[in-house]
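Common to both upcoming complexes is subunit A, partnered first by subunit B, then by subunit C.
The block that comes next holds the complex of A and B.
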């Protein structure tokens, strides 16, 4: 008898193949269910003008998450980060945050949004009741204003008001020592620029009452040409200049002002200078610009901070930014809270986070605290120093006094009607 | 249905019998669409799907209202987003500061939008083509700058903070996700139906005549300026409704809502979906949001992907998707009839 049909795959091997296929498809799910990973969602800005900061936030988070996972995870659960781009648009930030929780099953949110986006994510956290840590928004009202307060949101970020208090007192001491009475300001024309400059001059005048602001310039955000601003300031002949320009705006401003030798004619106080994104980009960094610390691996001058900066550089081949340390600190807080609560339940974590103090390379005294009454970060390293053109860029930083910060901050809150 | 098809349908329709059906056909379609949308939460528990439809409502109302200007009247507005922002801010501010019931805030917002749109439109509609486009863009930037600099009132670049209160009215609780979803769908369907009525009314055909030849319309005794101003204000009202839906969705209002990029997205949606069919912008909205939501899940280089899609539509199809489909059907039918 002849075979009418050529032998193909036998029934047995077909079954075996199907079984193997099913295993292949199912294996990751089975593995995931067994490992009980915890998903943390993170909307941040990965495209557009500030993409560099968003990317540095993602880098820092991953650096810390890898450490936590290697040490056994959060209460025994490995962390899986789901990080998405919001394009810096609040409606996208809200959408992405909701999607991360509702569709991707993220249990917590790390909010890597700046300005309006952070308020949009804050509303999502209010609506969904999910644990949320803001890591990039410096707007003081996010936590200072009691209307914003919700039990499940925390802010692990430096604050504009803290910077202004420390900057004002530092600048006043220099002003007194050098007799700088005539001041000019030059800051970007939007809420951050106006508020920060207003608060800085408020505290400068408080500590050095005979200071007078003789010229104000408000260039547009992302303005390419600063010639008119520079010449206006030079004509006013101030003894000192304050600026809270940042990032690309600050570097182009310095490059353009260098042509007019501005930095040899007055003392310059640029709060956002001491950040590697600015320090390493300026063509000829003038000596002696006064700046607040954003992130710099030499302040606080501890081996832990230097090691962290070097580890980041080794992994990503660039220095961390201000957003990096804040995001890293957030992961440290969450990890410590999960350890204390021995749980990953958002409500329990929120309870533990209140008033929690942790060891941290970016703390003024080696520790930072999540203040209980307004859920915001305090005790981080904050100070001012002067630049030199090469590494370490800002060799000596004078640390701010947290006791004074707390006193003046309480006063400021009262004046704003927050307390 | 395209205008071409509509005309053909009228020719082919039996004289009387289905006249009543023809008249109420749009209402019937609207009712069915609303019923289908309203049943969606029963069929799928996906909150993301509901979020998607809510956003489609906001952008759909906005884009379709823009098409009243671009497609029907030939007024290419680059500043239509200002009314989207205006709606979101007016509604948010009224709810936060006055604490009135939601329907009152809704009507008040429409009234504010109408007044401002009438003032801006009175200046803009005198101009044509690129001049009209640029003056509308200028007004948009003016409103955006006002929102940014009037920080004590609008919250500046940080937007309206603290959430928008949503007191319960008539048993509807907009803080509840499903209620918000159904309300958004209702607004979308009602808005689309109203815009369809405008487009199919004698006034709508006047607009088409103005688009095709304004001088001829003028010689026929039509007050072109008044007709243009009327449609400008009407379109602003629907854009403002879209803004209110968005404000409710994000529970806030942000200056980005009034920025030129929103107007740009509106134009892009119209290009994607097509301007010669009534539902073109709605199709464009769904396409753009789907594209946006899927592409941003996988890459932060979404700009490249969206750019390629724009190029495909602009250089490849040379028209919007629904235009393309409608033409394809028309060709096919012609071929069948010709045989």
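The block that comes next holds the complex of A and C.
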């Protein structure tokens, strides 16, 4: 017996339609995947105390996106960036990220949030399954902790543990050469300050076991006055000081410590000093502050890096920040992955990104890699040097050795129970 | 050179790092109290913190005392003072002109703000006054952001003060901070004498006590109110200008100063100039010595002190009982 189709909509096609409708609601970026332009959403911090960093992230992304679009776009599709302010609040970052995907139809996310916000955006990426590249969070656990691992998220950022290993070993070499045994620390009293200082002193003591931390200060984040902290450190009479204060807090601290002539009384290691945001703002920058590189156009000392820094300055009339190079690198990775996959499908891009090595002005050897096993950036230029009051500000940077970083990072991961 | 040359000793055992610092370090505090060098350094450190706070708090308390308005936007005047001073300094390279610009600019701003906006809500509910002030906190922050940009700025220390600190009894005292303490002391004395002895001071006090009667005597109370607000704004602006060489300038910088100024006025007694001075100095000393003895509880100590004062004397140390 043959069944004849009744006129109207069959049960099967109704189900198919309902299914498609449900897909549209649940995963609208899939339904819009064939649109001519590809929308990439980006929550970042465009207002408040760290607005400068968010703005520099947006600038860097746009600088690179313009290049990609001029060269024909991603697999033939022009990029349209949709960039929204999260005000630096994690719940707002999550809301904006979700809205960018569900309402604005963004197919990928570039997460330009600081650590607290990036964990919130990470959960949105986990929930929606959308391709997400974190570009600003340095918190190691974001990719080191296997609980955080999702196949569709990557981190294109320097990492706290890498900085600590290189910083600790650099500081230890100076400590041994100059006999610096008594150390003080002064870092902001929140997760980043505590963790970074703890990891730095851990590696410092490991490489220079004689070192003793005789004084610790934990000023509040955005504290306006550091006088009592400065005098407390002077009382302790350390031979060296470590600080991971950053931005306006660091420049305030330097101005206030300067008039106590602190910098002539001890060696100072300030990991966040060598960033143009701080270097160009401090009017009386003391000579000889040891700092990690953040972004500086003279390190790596290659024509590509210098050209990139100059192009950014020519377009935006200021130097890039640490967040800038990371965001630019993310666009470079996405562009290269789309080329290799010849597609803009998030899943295919994620597959290609795993272990992908690209040419990059910010690479230690001219390339950077998105490590396959934990989806994080490695091989970027990382090092320490000392400041001078005028350009190039940090004339010589000692580069970190990635082989040694990998060894110690693996050990650290083990000690944390991550592997 | 690579870091591999720097990796020198792997012999030390891998230690779990100890991130806990002592929350109470009475030995350090006792050691400091028995050393003249430490006493001098920490006392001047307390005076510096206190005197800047005093300049902001005294304007706040003055405005409250006369106008009966809690000016929540007071921190914005501190911020404007710093920005005005920085701009004037970068244009003229004159420290004196920078201070003048900070003080005069905020005085004018205070006068306009009072006449155009605050004068309309004097009779209104406290909540309405608070809302107007808070709205202007946001507006002023945005104005600064539009004019000077969102990034932090630095004025830089004038070359005249880029000198080695003085060593008094072994303690370290930067010359710039001596100037700062001196200016604040002069302000305290002039205000104290001016309000209690001068004719204008007497009129202001009368207006604070009974504005209706003062007005009936033919005195322009609007002018007095505007003048007091301008003076309050000017003092906060002067504090901002004095702080500009040693603090980074950023939109919203007035907020944290405002909170501490409120603690000062609450401890000293709302409306009392002497109270503001004593309160600010006590707070400065608590911060300075507290950071040695109670490094993780310095902020807490300030609030604890405020609670003790409020419990034992709810009107503050020098506050008058409500009539």
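Worth a mention:
Rule of thumb we're sticking to: the second predicted complex is superposed on the first by the 384 of 419 C-alpha atoms of A that agree within 3 Å, B and C clash if a C-alpha of one lies under 4 Å from a C-alpha of the other, contacts with A are read in each partner's own complex, and residues count from 1 in each chain.
Operating definition for what follows: a contact is a pair of C-beta atoms (placed from the backbone, for glycine too) under 8 Å apart; a residue touches a chain by one contact, two chains touch by 3 or more.
These numbers were taken from a predicted model, which means no experiment stands behind them.
Superposition model on subunit A: subunit B and subunit C are shown accommodated side by side without a clash.
Of the two partner chains placed by the overlay, neither subunit B nor subunit C lies in contact with A:293. Within the superposed three-chain model, A:235 lies in touch with subunit C and out of touch with subunit B [touch as defined at top].
Once chain A of one complex is fitted onto chain A of the other, the partner contacts of A:91 are limited to subunit B, with no touch recorded for subunit C. Contacts of A:141 after superposition on the shared chain: subunit B is touched, whereas subunit C is not. In the superposition on chain A, A:218 makes contact with subunit C only, while subunit B stays out of contact range. Applying the stated contact rule after C-alpha superposition, one finds that A:51 touches each of subunit B and subunit C.
Once the two complexes are laid over each other on the shared chain, residue contacts for A:209 go to subunit C alone; subunit B is not touched.
Put subunit B and subunit C next to each other and count what each touches on subunit A; the higher total goes to C. Taking all C-alpha atoms of subunit B against all those of subunit C in the superposed arrangement, the shortest distance found is 5 Å.
Residues 47, 51, 194 of subunit A lie in contact with subunit B in one complex and with subunit C in the other. Across the interface of their complex, subunit A is touched by residues 1-12, 14-17, 19, 21, 28, 32, 38, 41-42, 45-46, 48-49, 52, 145, 150-157, 161-162, 164-165, 172, 174, 176-177, 243, 245-250, 252-253, 256-257, 287-288, 290-292, 295-296, 298-299 of subunit C. Across the complex, subunit A meets subunit B through its residues 46-47, 51, 84-85, 87, 89-92, 94-96, 98-99, 102-103, 115-116, 119-120, 122-123, 126-127, 139, 141, 145, 147-148, 190-192, 194. Remark: subunit B residues 46-48, 51, 55, 148, 151, 156-159, 161-163, 175, 246, 249-252, 254-257, 261, 293, 296-297, 300-303 touch subunit A in the complex.
The part of subunit A that touches subunit C in the complex is made up of residues 47-49, 51-52, 55, 166, 169-170, 172-173, 176, 194, 197-199, 201-202, 205-209, 216-218, 220, 222-225, 227-232, 234-235, 247-249, 251-252, 255-256, 258-261, 277, 281-284, 383, 398-401, 403-404, 411, 415.
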